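The structure under discussion appears below in the form of structure tokens.
Naming follows writing order (A, B, C and D), and every chain is counted from residue 1.
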Amino acid sequence: MTVETQTGDKSQDALPEDILISAIAEMLEGLGHVAIGASSPIPMAAALLANARTGGRPQVSVLGSQDHNFFTDGAKELFDCAGQGRIDAFFLGGAQIDGQANINLVSIGDPDRPKARFPGSFGSAHMYYVVPRVILFRLEHTPRTLVERVDYISAPGLSEPGVFRPGGPYALITDRCLFHFDKGQGRFRLVSVHPGHTVEEIREQTGFAYEEPDHVPETAVPDRETVALLQGPIADQLAKLYPDFATRVYGR
Amino acid sequence: MTVFEKNVAALAARIPDGAKIALPPDYSYCANALVRALVRRRAKGLHLVGVPAFGYQGDLLIGAGCVDTVETAAVTMGEYGLAPRFTAAVKAGELRLLDATCPAIHAGLQAAERGAPFSVMRGLIGSDILARRPDWRVIDNPFAAQQGIEGRDPVVAIPALKPDVTVFHAPKADRFGNVFIGVRRECMVMAHAASQAVITVERIVDGNLLDDVETAAGTIPSLYITALAEVARGAWPQALPGNQGYAADAVHLRDYARQAKSAEGFQAYLDAHVLEPLAEPALS
Amino acid sequence: MTVFEKNVAALAARIPDGAKIALPPDYSYCANALVRALVRRRAKGLHLVGVPAFGYQGDLLIGAGCVDTVETAAVTMGEYGLAPRFTAAVKAGELRLLDATCPAIHAGLQAAERGAPFSVMRGLIGSDILARRPDWRVIDNPFAAQQGIEGRDPVVAIPALKPDVTVFHAPKADRFGNVFIGVRRECMVMAHAASQAVITVERIVDGNLLDDVETAAGTIPSLYITALAEVARGAWPQALPGNQGYAADAVHLRDYARQAKSAEGFQAYLDAHVLEPLAEPALS
Amino acid sequence: MTVETQTGDKSQDALPEDILISAIAEMLEGLGHVAIGASSPIPMAAALLANARTGGRPQVSVLGSQDHNFFTDGAKELFDCAGQGRIDAFFLGGAQIDGQANINLVSIGDPDRPKARFPGSFGSAHMYYVVPRVILFRLEHTPRTLVERVDYISAPGLSEPGVFRPGGPYALITDRCLFHFDKGQGRFRLVSVHPGHTVEEIREQTGFAYEEPDHVPETAVPDRETVALLQGPIADQLAKLYPDFATRVYGR
């Protein structure tokens, strides 16, 4: 019901993006290999931060990057690599995400005559099944995006018994809060609310039902050392692939 | 034996109406000069296969009315936003849509490459992608027990995907018709899987690309290349990736993405950049 | 992160008894120095997978008593004749034999590479290869009708073939653990499909092989390489193919093929060329 | 019953190998692409001869050759290429070949405790199904090699109805004669007997039943121009890959 605020050493200079990045990085620490898809500056920064904090693990593959793209077997290699079990975490988004962690990357309304059409499902209906820790990432947290039931299932959050599914949803991070996904219960649980937001606001802005513990902490603000890493060497690396993002957020 | 054509018009004449055409993604080697020639020859009824996705090149063909069917994991202009003519055509119900997922496209092409009737893959079950693909099938994994999997382990069978024509733009070819594609290996799978490969190359080089073990590793042998033409800057306005390539014309692509949001704007774009053959530097 | 080991003994120590080991064919990149180290460490119960066949390297392991199971499309020393210790062991009923066919081996590895539970292929039906492989299955092609095929179109399902360790000798690696294999692409599929790749390289080079589009095209990224060691002439007595390689030691191989016809001759060969570590130039 | 001898322009210098090569080349003319496996100097020469006679067709791929090996996708490419329908003719041998064109590349006797063991089936059980014109090639023509029934079927000559099989046996050439395979009848037909051999000898030396026409021609001896090609430029090309063969037969 209440948000518990952090008491430890937190940086005064942390930007909202730094808080998101740091929260994601925590979910990546200790993993062997994290892959980042297209157009994902915040997940990329989080993976680089996890790597920097722990001296080289996880290995980070970033599609489209010259420095962090190791693939030499064409467009199929990312999916093969995941199918081999060599990718421990991946990020997926969605025009809509629902309470069962189904994601919609295709269309709103009747898919044959949609009100809105998005690019398409890409590899979601594969990665979501085989990567153990899929983190859903959606910066627009509104009842329009976090819905009761998606209009089109690009990839389901849960599979029926008998379907081989080592991977699946691990968490959902938005501009307002962090949810974890409970596979046993088949629903999200509110884990923390970002500074400046409230549990009441989350309730209002979320179109699906979720578990809300009695005490919800505030999402941790990173310490000075972490913020220095993010605003220094990691921002430099981001700038190579995402110059617009690096300029807007970090003045690079 | 690879046929060397003089220009993109001659290549476009080899791609018949109704052909099923494999296209590489935006971050790979896109044959945009050839795509513009297809628009100029007023191709009709094309079936575009994104391997596994496409952007500008397909949007141009869709906007120009060349396309009946789109089979792809995605259509996007990436950082320039949604592909505007694709989006408009889908909303208007003007395209037959075969939405897929990246590894399903690759699995179908690999079945064709192997001469196998189909590939199987996990994933997809429970998605609307599968629900809307009656041409795919769900079968049980006959090896589930010995592979230590509980349950019946349903898998999706994806039929061999055999394009009529593969279309891309490579950095170089030699005079024997061998074509260098480097790490853009999807172009090789596309060439193996398709009946024909009709392509452009940035330049034709002396010597034989197969003679050196380093260039050979990234080369598609002429056996798979039906016809090619030398077209400098043939990927423009997109990039030719790799350390021997060039960057995308971001200003042009941003303008296209904005202008093509309306049918009129798209027509103006066609008039200015596509339909007037003299606007085509490749035809010199 | 690829581990750089000092010598082949350290690499051999990483390959446990009973491991399922993928080996490339004689015309590819054979890690013979590492194979000799496996003999010296008296490896036991190995399951050799020929991709799709093997010769000298496997014959050495079989003769030295390191092998329980052979899964391959063929075992041959090519122009030097039959593989003598393999032939003797089969006649004596000492090996578990999983005779296969080249494309079945490739299909099984590709399934493992894709993370798919199996691949299907035509061919094989009516052969004794299939009759003697109860671990394979015959299923009907569910797409026969729409693919225009009369009859029920039975196809053979080959389960994913996932070696524990892939072993080969490449021309070069960089200090990041990226390994150049050029057109010997079966080495890449083997590395992708296996749990581990434990390899030798002719030399370690400066720079990053992924930085140039030409070398990158023939390079396996370090992600797939568990451990490697630099071993000059690591393929000896076989060739290191390609324009940067060396020829086979034909005299040595012809002598081996003759000498190893008897158990005593083979033991003399081991004593002279394998068991004495000082005979190993790679250990210097 | 009788062998009809040739009357036209035949070279006096033709070697027995030249006659074999020329007979095989005739079966390859007009095809688009012929692939040659390992250790096959006579098939290679035949393919090069067909190519030279018709100005560049068929294209010839020779495994192991530097000059004629176009493959860049590893050991699997030959089989993929055949599966794609891009290979029109291929050669297979056999320790045993029987009257239904079954071939045995594996063993004699019980495969678990064989009297003789050979290398193995290689890709035969694929190529034999998908390559339209498979030419069986066996220089030792005796009742020991051409048998009633093979001990082990590496690849069957015929498939049951309902099995997809665009490819299969086309001919069998030995050191004594040429058979064609009649798929409808499911057996071989004697087409010609090489100079110096007789139909009676073929009957004695063949372990399986086959169709013998009343008049069996002699295998054509190549003309002077062809022999000059074989003993000149083609022998030069053979010498690069098969130095022993080129020396022994052509004194190269």
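To be clear about the criterion, a residue touches a chain if its C-beta (ideal position, glycine included) is under 8 Å from a C-beta of that chain, and two chains touch if they have at least 3 such contacts.
Predicted model only: the values in this text are computed from it and were never measured.
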| item | value |
| --- | --- |
| Partner chains that subunit A and subunit B have in common | C |
| Contact-richer chain pair [C-D vs B-D] | C-D |
| Subunit C-subunit D separation of Cα centroids, rounded to whole Å | 30 |
| Averaged-CA centre spacing for the pair subunit D and subunit A, given as whole angstrom | 61 |
| Distance between chain centroids, defined by C-alpha means - subunit B, subunit C (Å) | 35 |
| Centre distance in Å when subunit B and subunit D are each reduced to the mean of their C-alpha atoms | 40 |
| Where subunit B touches two or more other chains, by residue | 103, 110, 114-117, 121-122, 141, 149, 153, 183, 185, 188, 216-218 |
| Shared-contact residues (touching 2 or more other chains) in subunit D | 71-73, 79-80, 83, 130, 164 |
| Overall pattern in which the protein chains touch one another (line/ring/star/complete/other) | other |
| Every chain pair in contact, whichever chains are involved | A-B, A-C, B-C, B-D, C-D |
| For the subunit C and subunit B complex, residues of the former touching the latter | 103, 107, 110, 114-122, 135, 137, 139, 141-144, 146-147, 149, 153, 155, 157, 159-160, 171, 181-183, 185, 211-218, 242-245 |
| Residue ranges of subunit C touching subunit A (in the complex, touch as defined) | 1, 112-117, 178, 188, 192-193, 210, 216-224 |
| Residues on subunit A engaged by subunit C in the complex (per definition of touch) | 33, 56, 59, 61, 70-73, 76, 79-86, 130, 164 |
| In the complex, subunit D residues that touch subunit C | 38-39, 63-64, 71-80, 83, 105-107, 111-126, 128-130, 152-156, 158-164 |
| Residue ranges of subunit C in contact with subunit D within the complex | 24-25, 27-28, 51-53, 72-76, 78-79, 82-83, 86-87, 90-93, 97, 99-104, 106, 110, 121-130, 132, 141, 149-154, 183-189 |
